[in-house]
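Look at the two complexes coming up: subunit A is in both, with subunit B in one and subunit C in the other.
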Partner chain A sequence: MSAIPRSDSHFDVSAWRADFPALRRTVHGKPLVYFDSAATAQRPLAVLTAMDQFYRQYNANVHRGVHTLSGEATDLFEQARTRLTRHINADSEREVIFTRGSTESINLVAQAYARPKLQPGDQVLISTMEHHSNIVPWQMVCEQTGAELKIIPVLENGELDMQAVPQLLTERTKILALVHVSNAVGTINPVRQICRMARERNITTLLDGAQAMPHLAVDVQAIGCDFYSVSGHKMYGPTGIGLLYGREALLDAMPPWHGGGEMIRTVTFEKTTYNDLPAKFEAGTPNIAGAIGLGAAAAYLQSLGLEAIAEHEQHLLEHATSQLKQVSGLRIVGEARHKASVISFVIDGVHPHDLGTIVDHDGFAIRTGHHCTMPLIKRFGLPATARMSLGLYNSVAEIDAFIPVLKKARAMLV
Partner chain B sequence: MTTVIDQAQQDIVDEFAFLGDWTERYQYIIDCGKSLTDLPDEEKTETNKLHGCQSQVWLVADRDGDRLTFRAISDALIVSGLIALLLRIYSGRTRQEIASSRPWFVEQLGLKDHLSATRSNGLASMLQAIYQHAEAVSA
Partner chain C sequence: MTASSSLDALYQQVILEHNRHPVGFDQLDNASLIAQGYNPVCGDHIQLGLFLDAGGRHLQKLGFDGQSCAICTASASLLCQQLHDLSIDELKILVNSFLGFIKHATPLQEPSLQPLQVFAELQRLPTRQGCAALPWETLQTTLQEFEVKHE
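Let's turn to the complex of A and B:
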């Protein structure tokens, strides 16, 4: 962790980069340039150390033993929850549930909140730009309940069709589930505005925040959503850990989802009573090291400052966008006015997979495919795109080095 | 005795030996892909589509007695290039020739990375489909 060194026009990112051991490796004999943080970010030393230290010194099960180690492990686990509660400005720790990731968080809401509530003919509203993890759980619950899935269209520039939203928020709409930042095209959605519209109509809101957390300072109370899902590994934390934020009144009224240890108060064969929040939704031994690692990731991001990260990434986004446009035949897919540093593009006559394979040989890791957003990619009439996603450790120099590699790949393929 | 399939593999390995760095190797595969004959649209069906490939791959096997002729194409050039190599090796062979062969050229060309099930370019799926066609004929 380091202070922010500034140069004239942008951050000198080398101090931040030094926090990420994986960035020192080479690929095919070339220095790794990691442009795939939207798939999963690299981890800073602070996260690796926190997890390593836990296993080396404090490993014990949480909330169970009276022995010292168990107490210390519980303290570390709950300190992580407290840190994350503050990180997203939830009202209390009871509103922050550890899950396996954003996908599990959304499934939890679909099954434990929506399924008991939805009636045949009710509607769940999502958008064309959702990740499959914010489509399939709703399709499943619609099949189970007879509710109907409705879709907010996406405009050619990658923004939500806001004009369509009022008509889609009907009396039958019970839930609005929307991505905060698009993992495929980078669009930052006007979530405060949409949550306000939903609230005025008594519609429950869930935001998929997986891709927002690494880029933006997220304040769930200011946004005004009912649920917010978080993935650890997209925000420089471990895989297999995430969060569900839920307003306490809603979580309290929900039945448990998974049954097992930890989530109970008393068990008899006649009747089991359930634990209070958040334990009610955390059956079984949790991913303790993961939670501690995620807490460390939040602390790391705070130490750099999310505003400073956003400023650096916006600079990268603008630079990359203008440089990519110099490549002949290249078209950027999704040019929303408010964007995070995620850029999808296609090159005329070039299949994205071929492009990804060739630039890999020069050390550049980009993602190619549908990015788990098949309906969105189809909406743009494409089978796939190439995606360059920039994280806090990427630099202008890396972008500049990418352009000739891209041109070379194009020359080989066209 | 060298079989026809082994000989076809050896020919490809020999051709690659003349190529320099990876750029030339990929350029060669890309050029093979560019010259591969496309399938007619009516054969690009869901049935003929191979799964396990991130790019789209369609494979058709025509049989004449024990002999199998393969035709295939992908929407990605590198994959089409790999298909072209596979067709040189396996198309027009008998099912016995295919079933008793081993795809050792993959390792020799340094394409082994492409074979692992977790790699998504589909070389493994294509090989599996070819060997399955050879077995299906015998059933």
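Let's turn to the complex of A and C:
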């Protein structure tokens, strides 16, 4: 990490910012500074337009009718799937299932893959840094099957305790479910290395990619995971839409999860036969506009270039980290060597909740609380943190404007 | 109202002072009852101690402990400062009155609750109402459970 932040002049973010209409609004009479993209990102015009156009011109159900609109809607829906297949470098569209989001993707794997497989005494391995969405579905399936939940500890700097991993990958471990990028403290986990270790031991891997997708170019084949979950709204797409990537051989062998239309081939009262992948896991009319919006979000990120986004965000991360440390009494929670632009911190004598309200009055939107990662925040001995999460549209100037507001909050409360 | 005056209205000096030096804080020893209050939205956790007379129908005083934001801490502090030497029935009326004031903007009539007017700004801030309400809701729940046991 460079001690002296580079100037903002190497990159002008204003063109990117212009793509996001919500950033033009004010809050309490001040320009909005949106530092809460890890909770949900703002959406670019490209996404809003794609969805609006769908509803205005092409709206019809997919995979159903013979009429023109139904054909066009189906094409748009499947084009989105193709784009997303390429975006994460899945082998084929059969491996890309539309879901409501990362949470549903994980539940799908827990119920349709793990539940039939797990025996009493088997183990599911997760880590202390998981979002509740990658804890609770596994607790539920462990309760249903008699399997046991095991936990990879997290070190004081917010990294996984990699020394503990080999002993935790035992003969009884059937599934390793791990977050790719921590939504709470920004840690980027060494997922290739861990997936390799799991593969050598014949352990199935699921990565929670909700927070990785907006920051990194994700290549599921290069990572070598079996399942990968994605949330649309974290990667500048719509809410209520996400993906499950799964290796075809695994998805093929799994029973369906939800029953209904779309996921069947034939239905009689005696016997129903199921559709092929990916439709087998997409019961009911899907979130068509959401899928199209998510495809547009992937296209938007590709047009900017994920490497350019990552470079800009790393610059913001370095700058914000060094500036935050100038605030007396401020401590950054989680200083992993590899981090995405998500920074948790606490200030002595200032409760995060009060901080969130005070900075909001100056237009700054930050998240405060446990960030749906209660075990991780507890591991750091805290009830809550403040979290500043930086997206592609944030600027050095916004970070610089934030620092005096933090100092004001401290002066007010301490 | 401008942003800074709205903020000043929320974080009044009285609230900031109670946050820095809370009344009844860390005074749970020998309490007759200890109630746990938890706000799942923010993770705040407080404990409220009730000191009752031998018959259990009269509150002598309250104490509290825990980790909470300035609004919650000041609310607990003012609760401890203002509510003492009361019958359980009187206590219940005051607790309901304050919760109505925060959540439904019901005017505060009772003289002993007048210092709680400092939380009026919360009526415009639903995201923080739970912070001021936590100590009082904790007390309310405990009183309800207490009532069931003694019926």
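Convention: the second predicted complex is superposed on the first by the 404 of 414 C-alpha atoms of A that agree within 3 Å, B and C clash if a C-alpha of one lies under 4 Å from a C-alpha of the other, contacts with A are read in each partner's own complex, and residues count from 1 in each chain.
Here is the rule we use: contacts are C-beta pairs under 8 Å (C-beta built on N, C-alpha and C of every residue); 3 or more make two chains touch, one makes a residue touch a chain.
The model shown is predicted, which means the values in this text are computed figures rather than measured ones.
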Clash or fit (per the criteria above) of subunit B with subunit C on subunit A: clash
Subunit B versus subunit C as contact partner of A:30, first or second or both or neither: second
A:351 touches, of subunit B and subunit C: first, second, both or neither? both
Which of subunit B and subunit C A:412 touches, first, second, both or neither: both
Superposed model, subunit A: greater residue contact from subunit B or subunit C: C
Which of subunit B and subunit C A:361 touches, first, second, both or neither: both
Which superposed partner A:369 touches (first subunit B, second subunit C, both, neither): both
First (subunit B), second (subunit C), both or neither touched by A:197: neither
Touched partner set for A:377, first subunit B, second subunit C, both or neither: second
Subunit B and subunit C contact sites that coincide on subunit A, given as residue numbers: 28, 351, 353-354, 357-358, 361, 368-369, 383-384, 412-413
Residues of subunit A defined as touching subunit B within the complex: 28, 351, 353-354, 357-358, 361, 368-369, 383-384, 412-413
Subunit B residues within the subunit A interface of the complex: 22-23, 26-27, 30, 54-56, 75-79, 120-121
For the subunit A and subunit C complex, residues of the former touching the latter: 28-30, 351-354, 357-358, 361-362, 368-370, 374, 377, 383-384, 412-413
Contact footprint of subunit A on subunit C as seen in their complex: 2-4, 6-7, 10-11, 16, 19, 41-45, 67-71, 73, 125, 127-128, 131
